[in-house]
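Shared between the two complexes below is chain A, which has chain B as its partner in the first and chain C in the second.
Right, the complex of A and B next:
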């Protein structure tokens, strides 16, 4: 079984982000594996441990330094990696085409994982575009996966706590959600073992991609400045507790 | 008319507060001024708050061992003051010093014998019994993950460890400073926050007081620089002070990592403080069953000297600002991963970045200055949190003796410890000293 995981090299969510020329960010900060992709990889490894003959291949479109994110994926249990190198920024349309083309060139996918979104662009669409290009069914924000002989049974979470269960024929595309699992991070011995695993590099322009008539360009990036004004909750213990409950229920809507 | 105090203490961190406490107990009317909103919110808050006795000099060991007694008797030290935020807690885990080539442990042992510190020498079997997750191979010398030799297989084991049943950490260093502030206030001390010192005034060759950023002038015949990483800037504000110091201070950026404990190992409750020169790390438990991983500044790690104001403002860019770097995250976590092979290392760095107020030889400057009335308790170099209550008392006695006529430069004050049967020559901390080459030149002190 060939299990492909599409991963992305993204800025650390804790980094200071500054905007350059209004259209892109200063990239002199820490980049790492997209957190949702960690759930995808951990699930792929779990599937590999429960079924015979599974190979996991990570595919990434990025600049040369995205090699580091592929190394993280290999350390987490992926068998080998493919880096599609490009110096340009690509929209979801071109990204999906590149990933699909690289996967097709490499092997025969039985299952393709992505993260449900990347934390920088948050387009939430690459998995659907890949599914459309391959003509595979797609489910996203997946929080449970069971693989049976020729199908995947998945739970897909919607907002408001609703969970839908789907049966998808294989091959299919699944976007991993946060609730899918707890990422299994590598130990130092895992890191050492993974140094021998191969990363194949191909250039974006080597892939035969049909230039789409549609495209997305960033016109302008503007920082969202949040001014936080804390308000002290006053009263006796009972009144304070009531206020907190009201805020959690009506304001944040988490209970 | 300017407000007047007997002593103004610049800084309300874990060293500034006990100085106020002890001076107040001696009858001085003190004011602490701090540019941050509360006590202990500067570099004190970033401290790992380790309490351990292994120093490279006998004096260093003695002072640390004396400090233990204060942490163990916290409520009484504070004279049972109430703090609305609660009390900080000293967690006595016990402390391992692994016998490695990275640490002159034989010198430490000699110092322990001289001072009377309790310890046991353990073999590797005993260490494994106490720390089942440990791998005791020798990984020396300390390297970085960028170095291909970082991944070399080890060939032998370390020689064992020295274990001190006394040792551990304080669970909330900022709170501990706050506790001491409340204790000082109960003795009459005053504290002023959001108050930044921009000038130190002198009159007729003696210190006269300070000026704040908003123009307020406050007078005092005694001013004490306890400004932490800003100490060098404060020394430069006072006539002749900077020039009169042979030992200078500057601020050094440091990253401390938080990495989850391996599955099945309750480090928070079962774990020990460990000082591991073989991998260049020290560790202690942190909330969330996490390993706090500090670095012992091995030679292969670049040192980042920064401007403290730029640093705390988040300026300077990757590797110079107050955000963790991936390179150092991997360096410290993978080093610990050699000692603890089951340690799982997340991809996202988590931890704290803060500053040491570093002296030229990593030994503090606890001294008067060339400006009569101006004193300094600076250059703590990341290794003095544990000594704070002792330093408070020692500085108060130094200030009192000098104000009463002692020529400390010619006849250095001998400070008698309250719990340990020993005195220390305060001249050891002189601003005029030559660089002390007995020092380990690291956070080990």
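Right, the complex of A and C next:
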């Protein structure tokens, strides 16, 4: 069984983001494995441990230095990695095509994992596009995965505590949500072992990608500035509560 | 040229969720005709409400029996409506339901999609959305025959614009309405589903480390009930096991834009702000005057939320 996990090299969520030339961020900061992809990898490893003959392959589209993120994936239990190198920013239509093409070149997927979204572009759609290109069924924000003979039974979490249970025939594509598991971080021996695992590099332009007429292009990126001017509410508990009620009534008009 | 805009209306127990009206307001522009796409509902009952926000066509979509919860079938039915009515821009709410539906439509049509938009220019095909954990605003140009947008709930306040509308059914070819290798087994609701949805709420009261334990969240729930507010939490409270993950607001939780966000005992990490910084008003209650949230809010109270909130509940 070949299990592919699509991962992304993203800026640390705690990093300060500054913008250069109006459309790009200054990339001189720490990049990490996208947090939702950690759940995807952890689930893949769990499946490998419960079934015989599973190979896990991580695939990443990014710049050359995204191999660091692939190394983290290898340390978490992935068997080998594929890095599709490109210096450009690609929208999810191109990304899905590149990932599909690289997976197809490499092997025969029985299951493809992604995270439910990346924390940089926040697009929430690549898993569906990969599914449509392969004609595989898709579920996202999955918080439980059971693999049976030729199918996956998953719980997909909608907001407000509503959960849909879907049955997908294999191969399928699953977007991992945070409730799926607790990521298993590598130990020192895992990290040492991961250094021997192979990473294959392919260039984006070597892949078979159709130029799509559809696209999403960032024309401007600006920092979200906060212009709040905090005012203090003082008094004893009762007075403070009264002031808050007045603000809710007259200021925000919600009561 | 007149542009046809489709608006996928999200219903709750057969009623139109309030946040749909903000979405319609956001999409309304010169030289556009608005088509409400309504799935499995009594459109006659909804007509008046939709007319008061500028909808001129109500597309009545009835899914085959037993497929009501199937997002694949729903996506395919909407694609039929898009084609039949020559719709070139489709908007839906960026809610959990929307996140399972809109990308399916976009993927099947190989159409561009931007989720969580808070501004739309239908003439130029430009939208604004947040990126990099809410630290930046991206203006994105979409190209393609049909463009799909997920609209952030509460992005703007609804504004009325009276029109009259016709109801038009769309004929579905059941042979095309298949979901290959995909079945809905069941839909389950947990206890939390009885509460007000975080994404749609006008007011949210959230608790963090300062809540100290799970039981103290009842204090927030009682106040929320009086305010018809939703209860949220910071990651600290979720990781401590005090409340379920579905209540988490932030980078890796729900992203919300209520009119008022009341943060109780929340320090205000960058990751928490990523999920709530677009709130209309932020009121922070914290014993620690140096907490980040105290200098990045509209009102702050240097006190223990466990003392203030019960007083507030009493007065409501």
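Structural remarks
As a working rule, the second predicted complex is superposed on the first by the 226 of 255 C-alpha atoms of A that agree within 3 Å, B and C clash if a C-alpha of one lies under 4 Å from a C-alpha of the other, contacts with A are read in each partner's own complex, and residues count from 1 in each chain.
Rule of thumb we're sticking to: a residue touches a chain if its C-beta (ideal position, glycine included) is under 8 Å from a C-beta of that chain, and two chains touch if they have at least 3 such contacts.
Just so we're clear, the structure is a prediction, and the values are computed from it rather than from any experiment.
In the superposition on chain A, contact of A:192 is made with chain B only, not with chain C. By the document's definition of touching, of the two partners only chain B reaches A:184; chain C does not.
Comparing chain B with chain C, more residues of chain A are touched by C. Judged by the touch definition given at the top, the superposed model places A:13 against both chain B and chain C.
Applying the stated contact rule after C-alpha superposition, one finds that A:223 touches chain C and leaves chain B untouched. When the two structures are aligned on the shared chain, A:121 is found in touch with chain C, with no touch to chain B.
Contact with chain B, but none with chain C, is seen for A:30 once the two complexes are overlaid on the shared chain.
Shared contact residues of chain A, touching chain B in one structure and chain C in the other: 13-14, 16, 35. Taken in their complex, chain C has these residues touching chain A: 69, 72, 95-97, 99-100, 103-104, 106-108, 110-116, 126, 129-145, 150, 179-193, 195, 197-199, 202-203, 227, 244-246, 251-254, 259-260, 262, 269-271, 274, 277, 280-284, 294-303, 307-308, 311-312, 314-316.
If you check the complex, the residues on chain B that touch chain A are 151, 262, 314, 317-318, 321, 323-326, 334, 337-338, 341-349.
For chain A in complex with chain C, the touching residues are 11, 13-14, 16-17, 19, 25, 35-36, 91-93, 96, 119-125, 127-129, 131-132, 135-141, 153, 156-169, 172, 178-179, 212-224, 226, 228-234, 237-238, 240-242, 244-245, 247-248, 251-255.
Partner chain B is touched in their complex by these residues of chain A: 12-16, 28-33, 35, 38, 72, 183-189, 191-192, 195.
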